[in-house]
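Across the two complexes that follow, subunit A remains constant while its partner is subunit B and subsequently subunit C.
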Partner chain A sequence: MKIDRRSFLSLGVGFGAGIALSPLPWKLTDDSSIWTQMWPWTPVPERGESRYVNSVCTLCPGGCGISVRKVEDRAVKIEGQKGHPVSNGGICLLGLSGLQLLYGPYRVKYPMKRREDAKRGQGKWQKISWDEAMSEVAKKLGDAKDKTACIMDSDKGTVPQLFKTLLTGLGSPNFMRTPSVEDSFELALLKTCGYPASAGFDLENADFVLSFGAGLLEGWGAPVRTFKANSLWKDKKVPVIQIEPRLSNTAAKSDKWIPVNPGTESELALGIAHVLIKEGLAKAEVSDSFKKIVSEGYAPDTVARITGVEAGVIVGLAKSFAAASKPLALCGRGKGATPISLNETLAVYALNALMGNINQEGGLFAVPQPDYIKWAKTNSNASVSKLLYGKDASLKALLVANANPLYSLPDTQAVKTALDKIPFIVSFSSYMDETAQYADIILPNHCYLERYEDVPAPAGYHKPLIGLSRPVVKPQFNTKHTGDVVIAIAKAMGAELPYDSYETCLKETFGDTWEAFQKDGVLTADFTPPAPSGKIELNETSLKPVALEGESSAFPLVLVPFDSMRLSGSSIGEPPFVIKTVDDTILFKNDICIEINPKTAQSYNLSDGKYARLTTPKGSAKVRVHLYEGIMPGVIAMPRGLGHTPGFTGNDKYLAGKGVNVNELMGSAECPDGLNAAYGIRAKLERA
Partner chain B sequence: MGTEEKQIKHAADHAAEGAGGGPILFFIIGLAIALGIGWIAFPKALYSQKQQPFDFSHSLHNGLVDNGCESCHFFREDGSYAGVPKLAQCIGCHEDVQGSTPEEKVFVEEYVKKGKEVPWLIYSRQPDCVFFSHAAHVKVAKMKCEECHGPIGESKNLKPYEQNRITGYSRDIWGQNIAGIKTHTYDRMKMDDCADCHKERGVKASSVQTERDACFVCHK
Partner chain C sequence: MKNEQGKPKKYGMVVDLDKCTGCGACMVACMSENNVPFKADESNKRDSITWMRVYKITNGKPFPDTENCFLPRPCMHCEGQHGHSPCVSVCPATATDYSTETGIVSQIYTRCFGCRYCMGACPYHARHFNWWDPVWPDGMEKSLSPNVSVRMRGIVEKCSFCFHRYQAAMDKAMMEGRKELEESEYQTSCTQACPSGAITFGDLNNPKHAVYELKKNPNAFRLLERLGTNPKVYYVSSREWVRRAGDNYIKGEWENKQNAKK
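After this line comes the complex of A and B, so read on.
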């Protein structure tokens, strides 16, 4: 037999037929298709028992109830908690993405100390033990004594009270809260109602909403609650009037948008008050001094000239406001991340007061400050403007907790200069945020899903309420509860504190109510608000629009920051899920976009998508032009919440290098009552 | 070589071919090799064999418990199915060594005492893209465990776990028969097997929206 080419062919054909008659091809096809549907590198949660843990989200002042789904020890999803008094099952984008802040690469995993050979902000750290870290801090604070300061995002609740107690022990009054519209509300309510209170708005029961720049759909108040109220208004056909220089989402979804010259909201409010008083539409009495100022100086024609809103519109607004049975006036720019002037707050308060809706259903409530923390020994209260922007260079130590001043305060350069003068900075951040990077030592807190904390007074909520944030998962890293750290440091320094650990402190603070608090996750209290006095005293020395920084000759334009629901503005920055949702009219690839009216753009010969250099007296940035009819000519709007510089290795592509932090360009304009009421800053634009 | 001679040679070659020698033989050889590969070598190569951490007798345990399979493979309070028992369930009886088997000793010493979960290899684990509710089948449709899992409750030993090298899943999903032929309902656990049974029992309305069987009933 001869073996030739044909033999091989036959062998091949036979082999082929044999394979086709075997299960091999079919089985391989099946297996490979299964393989492609389940890439082995796609993470799949472990199987096991699933359950929900209820807690409170503390990523913003909203205080929403959350339900975290866990499979065994792993948290796999954050949902809104049904029936929660503030958020009733709702949750925002940031809250939903919180797991990326728990398991993502942003965490500070152990205590760290800046290396001796490194300057601040160089990112050179050495790992140290908790004992070393805490004794070093105790020693430094012992040296700094009353020259120690602390900055936090809130001054309510047990953790801020522990810090205040620590400071008081050191003889220091220097506790600062990051400025926000809460400052304006609290000051206005103290002056009008006479007791320390937070502003609460009974949104759900109002039947006419007049909003002076409040970003109802941009994250104002407790964002989820405000969104829900807004839907309710739509269902009940409650008119929403938005007064704002820019066509924001809130303005676009409102029943009427009234563009107003930036910074003249208080004049408009006083103009409306003028009509209410003159036409006898007021339903309640207010102080004579207020009536006098308003009647003399705020006739619709005068106000029309200042605000750019026609006199007829002002009268119409006043009449429809008065015609409603439960009208509600709101204020606070955007999310309320910056204060507004006291006069603006008082003017809007006055509209509510004239309608007799203070402490009434559907109205504005002066909710008394929580006073459940009986052990606190504090007399601390200081302002950022004095300690951080002022000339005073005597601070020796700064404690930073739940705050990121280097990112979130206006005029980044000035803040940096202030920090440079402070020899010792301690950060308690769970994340490598801008201020943590600039610290000398980091004592990382457990992340918000790993720790207990009482969360009093959700922003804008109209009843006294405390939420309980509790550990959903075990701490993932070598972190420590800041409460425990402060107690330990305070004890090491000989301060008198009745507790050894934060958990006992929390439990004993709540005493008999602790069990119910644990069970329900919220504590509410009844309060009978005192009858309003009608006292409203405007500060006459500041009855003129806030003067912005910068000469109008050199800086012909006005830059205003704006908020977006998709940019959290949180100190940590946006987790990947969130940043992916940001519009390309806000962030185009990695470039920040500014909104500019086509008319203004024309005079600079700029077209859509072109690059420009935006300069203010404080700084300068390269920006991309987005032509937008919804912004007034002469005004430029820039998104707030971009430009984070995460300081962990691996340079995260979701957070790093995205746009510019608008605070680098912003300055301050203090109203005579000490509130930074800068709604913007003067600016100029050049083609780049 | 003369012309005649050449012709003779040619004829001889032809004769051989005509008798079906070369090509057919080679065809058959090829066929045989391929069949051998496809039916015998391939299944051997496709699956790797793994041993369970230690042996376990279902029949022994079945004789000792009151509630059949559900004594250990139970439904949780929320209705979800717990699957293979965790240490927490076994500890009830096996806090200390009870009997005399070497396996139990391994279990108690290596796992119970150390508080370590047993890394059981699960024969019937479906791929991750499959959503399967035991409650719907056992509680609602009142199916017996054996219908899908076979008489595992009577087994005295644990067979080796065969893992598909491509997909990583157990051989029991496709079934022991490489051709996919089954004689019992529990021989295979592929989608077609689910579908067959659904069809047979007239399970049509498993999707509330379409009132039909729908992809997303199992593939969420």
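After this line comes the complex of A and C, so read on.
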């Protein structure tokens, strides 16, 4: 048969039409989509029996209850624990992403020692055994004796007490807690109430909230509890007034945002106190010296000039504050990662005291420090600024546990210089954080989901409460509980400790209450707070706004760090899920964005998305400009919590090298009481 | 399946924008519940897979009259007219479907071949394409949940209202001889996590569920309602400029609409 052109074409068309009408193309598309999805590298999570284990989250000072869903021996999800007194079922995004810390590439998997041929921070490590590591540390500490110091994020609970015991054995009083607003609260309460106490706030029962820069929705206090209180305020129509120079999330959700010149919050508080006293609105007595200072120097007009808040607004604030039945004044910048001056804390305390709400429902509580650790023989505390940067700083060894000073303290370069002077640094970190990278030896702790620990006094909670963090999964790597390590080292040094392991130490610390503690995960206690004395003594030598570092002629702008729930900003680096939620107006590719008012930007000829060089007396950084109407002209805001340095694994591309650590640009401004009250630093901006 | 009232179930959400603080817990709760992948750089939000994303909106006024509001955006699970949601209508592979049983718009990964028509059709940017195979750093795949299949390169994914939780709850109810679910038995991961209690989830057709009344709030609105997508996610805000931001209005139109209401 001859195939001519005509029959060839008709055959072709016939085939085409036939195939198109058959199920073949559809079957092929379906199959190809299935085949192309069966790749061996796509993980198929194993099935298995599912159950929940309750614990307490220790990623921030909030102490929320968590409930971890496990499938066989894997932890697959962290959820909020229903009925927990602090967080009642709620959870924040950092707590939710904790499994990425547990299973992530940031973990230190075994004890490590800096290689002899490597300098600090070069990332060259050698694996050593636990015995070698601990005997080396014991030997070095034996040499350093009373020149040993320890730094931690908390000074409460059994693990800090073990460190203190170790130091006492060495004759050293050098236990440091990383500075935070807790320092300001504790000092102020000691001076006013006369006993060692933490500040607790009965947020839920307040009916008027006046916040002097407290980042209630940025992570202040126990974040989940504060969020819940905020929603309760919305339901009960409780007015929330937010005072700060930047329209933060807290300000955005408040009933009224009052922009105030940065660093003049304490003047505004004293101005309000002035009105309360002068107009006879005060409900309780405070000391005469306070009344005198406030009546003489803080008339609304004077305060208006300093703060930039109109006199009429100040009077109005005072009147509505006094009209409420349970008004509450709060302070602490952002999350409270930095202290504020004693005067500012006292000024805000005074507003509460004048309304008679100290140790009262809906008010401010001076919660006594927990004293359940009966074996603790020491309570020594030392100041970071003296020990690390002081003229006669002469430490020979530094122990770093649950803290990351090289990242979280202001003025990174100064911290580095201080650490360089210390010949021996031991890190107990579970993660390869900045300070661990800069250590000589790392004795990795179990991750927080692998260990027992008591978690006393959630930040800002107004009742005494201890939470129990307990192992959710078995230790994943060759790590050891820091409690056990410290006990072993302390024993080797000859310290008197009645315990051989951390677990017995914890059990015996709680004695009869251990069973209940194990079962419930929390221990609460009743306390009857003493009546307040009304004693408030401002430090008259420092009654003026904190002077920031830098000349205003050379540095015409003010740089302030800002906090966000989506950046932890503390010693814990953000896991990938958290970084993923960060807006592109904060982090763009690897560039950090600064917030600047369009008016200010215009005078520098900068438009949105342009690059600029930001310089402060402490350092300089290339930044991307984000125009933001929610910030005062003349002020620049920079997010806190970016700019982590690469660890050793090379797998931390999810966190490292993104943006700039704002602490590299920050300095300090100490108030006469030794608190670093720097709320920012002077800065200049140039087009880049 | 019909509930006691005889109406089919219609799961939906009411989000209280006065309470939402923009903290992002819902985003992470969703990611960790649903095995959502992540990359080294997630700052390009157009290829960043976020089933739930919190947008920040502003009233556009200069300092100091600026106001911000946060708006969480899951999949709206549009009902359209009789289940003709925009994405379902265009899918050539029947990979996405509208369930008349629950009102949930499904996404069947093994059927999807990645044409992305649905992404073009969705007015809410609720759908995301896997441009790359997901990679978990060594060891982190241990945190993956077996209840949600891991997706791979070349397919589209989106919020499912945590459908696997519905299945698990229904299985449990069946075992106990029940056909009805209590409101608390089926809640999405974001609803459960929200520390502010801003999200309420339930059956919009069931008077026993909180959403039934909440959606009738005079301050409730839905996004781009006039497109006829008939979304099942409602927002409530006491601020007028926020409600107005829920759709595009020509000059004077919003004011006329407000006057007509009075």
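Here are some notes:
By our rule, the second predicted complex is superposed on the first by the 639 of 688 C-alpha atoms of A that agree within 3 Å, B and C clash if a C-alpha of one lies under 4 Å from a C-alpha of the other, contacts with A are read in each partner's own complex, and residues count from 1 in each chain.
Following the convention adopted for this analysis, a residue touches a chain if its C-beta (ideal position, glycine included) is under 8 Å from a C-beta of that chain, and two chains touch if they have at least 3 such contacts.
Keep in mind that this is a model prediction, so the values were computed, not measured.
Shared-chain residue A:Phe577: touches subunit C; no touch with subunit B. In the superposition on chain A, contact is made by A:Ser32 with both subunit B and subunit C.
Look at A:Asn597: by the touch rule set out above, it reaches subunit C but stays clear of subunit B.
Annotation for subunit A, partner touching more residues between subunit B and subunit C: C. When the shared chain is aligned, subunit C comes close enough to touch A:Phe588, but subunit B does not.
In the superposition on chain A, contact is made by A:Gly12 with subunit B only, not with subunit C.
Of the two partner chains, both subunit B and subunit C are touched by A:Val44. Of the two partner chains placed around the shared chain by superposition, subunit B is the only one that A:Lys2 touches, whereas subunit C remains out of contact.
Contact with subunit C, but none with subunit B, is seen for A:Leu93 once the two complexes are overlaid on the shared chain. Legend: residue contacts after superposition of the two complexes on their common chain; A:Leu21 is shown touching subunit B, with no touch to subunit C.
Taken together, the two structures place residues 30, 32, 34, 37, 44, 47 of subunit A in contact with subunit B in one case and with subunit C in the other. If you check the complex, the residues on subunit B that touch subunit A are 13, 16, 21-39, 42-43, 46, 76, 78, 80, 82-83, 127-129, 164, 166-169, 174, 178-180.
Those residues of subunit C whose C-beta lies close enough to touch subunit A in the complex are 16, 18-19, 21-25, 27-29, 31-33, 35, 38, 40-45, 48, 50, 54, 56, 58, 60-64, 66-70, 93, 109-114, 133-134, 136-146, 149-150, 152, 154-155, 192-198. Of all residues in subunit A, those touching subunit B in their complex are 1-4, 6-19, 21-24, 26-28, 30-32, 34-35, 37-38, 40, 44, 47, 49-51. Note for the complex: subunit A touches subunit C at residues 29-30, 32-34, 36-37, 39, 41-48, 69, 71, 74-80, 87, 89-93, 96-97, 99-100, 102-105, 217, 223-224, 227-228, 230-231, 234, 247, 249, 252-253, 257, 259, 476, 565-566, 576-584, 587-590, 597-599, 629-633, 651, 653-654.
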